[in-house]
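Note sheet for the following structure.
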Amino acid sequence: MIADSSPGALSAEFTTVVGEFTLEVAVRVESGELLAVLGPNGSGKSTLLSTIAGLRAPNSGFVTIGEQQLTHRDPAVSGRGIQVPLERRRVAMLGQQPLLFPHLSVVENVAFGPRSQGVTAHAARTAAMGWLERVELADLAGRRPTELSGGQQQRVAIARALAADPVLLLLDEPFAALDVQNAQSMRRLIADRPWGTRIPMVLVTHDPLDAIVLADRAAILHDGRIVQHGTPGEVFGHPATRFVAALAGVNLVTGLGTIDGSVMAEGPRGDRLLLRGNGGGLLAGNAASAVFGPGSVRVAPAGGERIAAVDTLDPNRWVGTIAQLEPTPGGVRIVTNEHPDVAVDVPSATAVTLDLAAGSHLAFEVPASDVSVRSIPAVLP
Amino acid sequence: MIADSSPGALSAEFTTVVGEFTLEVAVRVESGELLAVLGPNGSGKSTLLSTIAGLRAPNSGFVTIGEQQLTHRDPAVSGRGIQVPLERRRVAMLGQQPLLFPHLSVVENVAFGPRSQGVTAHAARTAAMGWLERVELADLAGRRPTELSGGQQQRVAIARALAADPVLLLLDEPFAALDVQNAQSMRRLIADRPWGTRIPMVLVTHDPLDAIVLADRAAILHDGRIVQHGTPGEVFGHPATRFVAALAGVNLVTGLGTIDGSVMAEGPRGDRLLLRGNGGGLLAGNAASAVFGPGSVRVAPAGGERIAAVDTLDPNRWVGTIAQLEPTPGGVRIVTNEHPDVAVDVPSATAVTLDLAAGSHLAFEVPASDVSVRSIPAVLP
Amino acid sequence: MTTVSPRETHRGPASGPAAVRFPLWLYLPAGIAVAVLVLPLAALLLRLDWAQVPAAITSPAAIQALTLSLVTAALATATCVLLGVPLALVIARSSRGVAAILRTLATLPLVLPPLVGGIALLALLGRSGLVGGALSLAGIRIPFTTTAVVIAQTFVALPFLVIAVEGSLRSVGTRYETVSAGLGAGRFTTFRRVTLPLVAPGLLAGTVLCFARALGEFGATALFAGNAAGTTRTMPLAIYTAFNGAGVSEDIAIALSLMLILVAVGVLLLMRSWREDAPR
Amino acid sequence: MTTVSPRETHRGPASGPAAVRFPLWLYLPAGIAVAVLVLPLAALLLRLDWAQVPAAITSPAAIQALTLSLVTAALATATCVLLGVPLALVIARSSRGVAAILRTLATLPLVLPPLVGGIALLALLGRSGLVGGALSLAGIRIPFTTTAVVIAQTFVALPFLVIAVEGSLRSVGTRYETVSAGLGAGRFTTFRRVTLPLVAPGLLAGTVLCFARALGEFGATALFAGNAAGTTRTMPLAIYTAFNGAGVSEDIAIALSLMLILVAVGVLLLMRSWREDAPR
Amino acid sequence: AAGADGTGTDSSAAPTETAPELTGELTIFAAASLGAAFDELAAEFETLHPEVDVLPISYDGSSVLATQLIEGAHADVFASADEKNMTKVVDADLVTDSPVDFATNVLEIAVAPENPLGIDSLDDLADGATTSAGQPAIVVLCAPEVPCGAAARTLITNDGIMVTPASEEQNVSAVLTKVRTGEADAGLVYVTDIEGASGDVDGIEIDGAEAATNVYPIVSLAGSSNASASAAFVDFVASDAGQRVLASFGFGAP
């Protein structure tokens, strides 16, 4: 038995086949590091976590924590390899549903892990109360899980997971079923990391902002493979593909570099868009991209001054007619006929003031400071 | 039996007591009109809909559609009044869970209402296919509900509700359990109103943007009473109370009117804020309020030029240090030490560019066009 | 903190979802339970003089009794479904107190020694019985007819159906029924097109138990329906007769039992889809 | 489109949640079901010569039989729980095919006429039986002992426990067990602290049915355990003896049945919290 | 059919011995211990009266049959294994004539084939006695409430011994089963049961067994729809021919 206070990094490299789906990944997460995994539905995020957690055995590959092999399977060898059973793995996994034991009180739930590992009832309870204080729920210790809100339940679930002293923390969309307020408080908890920085963590999320705010690194999973990987800033500041751009909720405009270091793009109807911003290394005439958030765009009524966009090649300004209006959780999203790939978000108050409707004619402006431009390498997915 | 093509307006006025909670409301919704009902958890939104739907009998009051009494109860009269049974009400109610019949296919689910009302199997199926086309799910007609995503299920549920030819449509947070994409497509469906404009509709939601984009009128429920009521523009453009402002996700800054028609407010540390904008009727020295969205504020690094805010009474500009950073579904929310009541949202790309952290010193600016100012009536809740 | 040393690992499963495993020693009591259920039957078969079996089970009397058993058990099961589903619905939708009382009433025939059940049925429907008196004036005689067999089987099997269906109704709840009513479906349409299909698994389980119990019913039948070949001599009575009869060996009784068991297994396996829908 | 005319309205309920109503005419079959369950017992009570009751139920023999019944039924129920819960777990966690076979085996004693069950138990545990032969060489005799009564009751009551608990295990699923293992709980800890508490309602229901069946068991007991006062004469055997007795009237048998029923109702109502947790 | 039977009955009053006019069906309730014998009696009766169809006989415990008759079971003839249950039926006004005793039965000791323990008298079964094999015999008796049990007590009392049975069985078959399966070393059953066990058990005669002779009464029932045939059957059972059949199964004469 190895006993130390820092179990070590997660290192996993495996292939898992589920039905017709194949997941083939290699990840490494250091102690104290949080890796955010993003990807569309069905891309294999949950399969990734299940394999690491030991709920599912891979077809080949390994999972190790520090020096310790949790799973090892070599299809060339006829034996079945190593598959440490769940109860010996000490891998904490938290899904969308808190799954608190309904027959136990909150504090009994949290004390469950220590108790199961042989700690005395008193010590387990004391430890549990400590964890409940860290998640700010000590005053609800005596309640039944059904008497808590969904957000409180999820906080208790994380306290329970951590009280079991895991060597690895896996979080599978822990915010997805929570309302905005509760999701907020869970995010704050994960950002604070009351469990210290001893263990590697993996967070599956649909929301790139979770990655930006909470994670040290982000990996984008698509169809069972990691397609982009880096710090959240790298990944979302300069999405390599339209898919990541869409995921990041930013506009990725591709076009050609101009002499003055702008990116010149063209809409489907021939309306041009000239974008200037941070970054560089653009070569005139070469493929280049510009990235900016839909919320960075300022909107004003275009009034009567209808000007053909092609004529006024003012950088970072354009006009358009509203093709579609969609409510978004943070405002209304405008899509224009001229540039259907460029989404513009306006806050609700502005939307009311502007009296937006399909067909409205608007002027748009995005500050150069909010745009990031770069040249595009020759081959891209 | 009255048979016409427009059953008429919903008119309801009742008191319902549930345990220690009392709901006391009066609402009227015209044919084709959509009333959005907003309010915090436990404010009585679901109780309101249940009483109208007939799932719950009020203690007193009535519910009518056009000429038709659905519920009538006068506590002074010892009899039990009128309570039309559910199956005769023809009130379609859609909750967070689609509750599709698991043993029936999608098209059988949608055909259930017409079939139950005596339409032939063939005609019911044809009608059901028509509705499925309107919700763009005709190609999934033969599937079982479990084979659909949550969003698709909810669309089928609305098709099923509408296929039953209801006299009233009640929607209780139909988006709450959906992911962003599915919620979006449901919103578009409700906005399109493929069922025409014949019947009154009530939509319970937590999201003021639903009210702004989808509703003709909005009512704010608080503790069993309607505290504000009007067009969504009125209600959210000029929230009467801080509660509604918080709900609308806008900043409500209260202070005193100045001679030049601005609102002068003061933070807890004495930092002043001068806001100018649309609206008016301000009297110098009288209570006044300004409203603007957290997303309307532009953010820039304040750099070294640290200027005491009190000294630079530039309207609509201020500086502050970050007290707290919270991820929001649409970006990162900044709260400053100087004006903790004023939230500022920045999009993710900007957040990455600015390299935000607690303690960062920032300059803020909100365009006057995005601010609405008004004087405050003497008494307010 | 402890981590796992290699010696503690074990040979894992093939790739795929790892099953949650229960303590392995639970296989011991589980095995004993299977033994308790199966060994007596196995011992019976071992003791059997197989030479007698073909004649015993192909005798017209045996086939007559088996046919009667299957017909009456099927009728009793149908009756139980027709009566028991509504009762289960009433119990499931009643207030706690009423439900507890009705549920206890529904459990009573289980406690009753079958003989007493027979006496009770005679007390009700016999010639001098509560209702039977009036019936016999009207020229209707129930005891000692095939009808009586069905009634006796219904009496002892009904609790199984009620309890299984009630549990299923409770776990389904009333949400879908509310939706159905909201779509304009009348009460019967809701019952037929929503409630019944949703409780189908519980109903099937209850039907299986009910049929098994009706098929095995002996005590109440013997007293209330009598033991007349072709009319009331069901398989269990034929077995009893064979066993009690002077001059015949126990083997015929056992051979007949074997026949009954095989038919029952066949029927139960036919209804095998039972519960397959439920999660594992 | 149609709206509702006033004449179609009805007097509504008092304020409060409107119950989903089922077709009212279902009260008719439900009422018949209650009648089927209750009327025979009522007829029995009406027929009873109440003058004989006090003497019958206070006789030392009756009290001895009742005590023996309660003790053996409780022991059999405990045995069923100890053996049946693990078997239910194995069935619930087995693959479809294995589960179907085990479930069918568990249902068999229901089909078996109790008399045949008794013969089967003798074939297994009797002095010349499969296992009994070896036991008797070791000086252990099972028939004619209270142990035999408990074994006979266990044999007939075990299916009830297994079927109820298995259903409950399936509906709970394995999610909580996975969570427990993830928290480091060993298999037995998971079983004891998670699985068992979660299936408590089903376990209670199964225990109630099991106890009721054990209490009413007659046929297998009579044959396998015999009928010796104080050792193997349980209440159902006492009732049967009274009924068959020369010189005594049927009334004593009925009075004893009444006593058994009252005790059973008492026990069932004591376990009344049964299923109260489930949604209405 | 009933009318036809009625006319048949009327016209058959005068002729005696052969009574070829007997027709119709005959339903018989008989005690379980009469099983094999009554099947043969019925067959012979049908040969004598080809127009009469004896339906399959219902055999059960006498008390069960008596209860069923009182509750309205239809039968033409009732043959009881004891007088007690016959009295119940008579008291219920279900008979026309008085019952006729048609057979007797006495107890024997049933032991395993070849009598391995060498039991040869009741004394070997007494408390404290050891058999020639050196161990006490396990004894089962019928419960004292049922006829075979009452008879067994009488013989034991007469013998002046005490016997503590391992079990007081509900009926003879149960006693027989216990001996046959080897559960019990000895049991007191009727001699006819031993005859019927076809070698599975041996019988040991008991001295003074006649002191507890069991008498079988038979009666023609009042509700009979075929009174002449049922009377004829009762007569046939009591006749010499009937008695020969009964004797062949071990029954004694009344």
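Residue numbering begins at 1 within each chain, and the chains themselves are lettered A, B, C, D and E in the order written.
We take it that contacts are C-beta pairs under 8 Å (C-beta built on N, C-alpha and C of every residue); 3 or more make two chains touch, one makes a residue touch a chain.
Bear in mind that the values here come from a model prediction, so they are computed numbers and not experimental data.
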| item | value |
| --- | --- |
| Touching subunit D and also subunit E, the following chains | C |
| Interface composition of copies subunit C and subunit D: same or different, split at half | same |
| Furthest chain, CA centroid comparison against subunit B | E |
| Selected interface, C-E versus A-D, where C-beta contact pairs are more numerous | C-E |
| Centre-of-Cα separation between subunit D and subunit B, whole angstrom | 55 |
| Distance from the mean Cα position of subunit E to that of subunit C, given in whole angstrom | 36 |
| Where subunit C and subunit D are represented by their mean Cα positions, the distance between them in whole Å | 13 |
| Overlap residues in subunit C, where contacts from two or more other chains coincide | 20-21, 119, 129, 178, 181, 186-187, 190, 243, 250 |
| Overlap residues in subunit B, where contacts from two or more other chains coincide | 55, 85-86, 88-90 |
| Where subunit E touches two or more other chains at once, by residue number | 67, 171, 177 |
| Residues of subunit E that touch subunit D when the two form their complex | 61, 63, 67, 82, 84-85, 138, 140, 143, 145-147, 150, 165-171, 174, 177-178, 181-183 |
| Complex contact set, residues of subunit D against subunit A | 175-176, 178-187, 189-190, 193-194, 197-198, 200 |
| Subunit C-facing residues of subunit E, complex | 27, 32-37, 55-56, 58-60, 64, 67-68, 70-74, 171, 173, 177, 180, 192-193, 195-198, 200, 249 |
| Subunit C to subunit D touching residues, read off their complex | 19-24, 26-30, 32-34, 36-44, 46-47, 82-87, 89-90, 92-93, 96, 100, 102-117, 119-121, 123-124, 129-131, 151, 154-155, 158-159, 162-163, 167, 170-171, 173-174, 177-178, 181, 186-188, 190-191, 195, 205, 208-209, 212-213, 215-216, 218-219, 235-236, 239-240, 243, 250, 253-254, 257, 260-261, 264-265, 268-269, 272, 274-276, 278-280 |
| Subunit E-facing residues of subunit D, complex | 119, 122-123, 126-129, 143-144, 222-223, 225-229, 232-233, 237, 240-248, 250 |
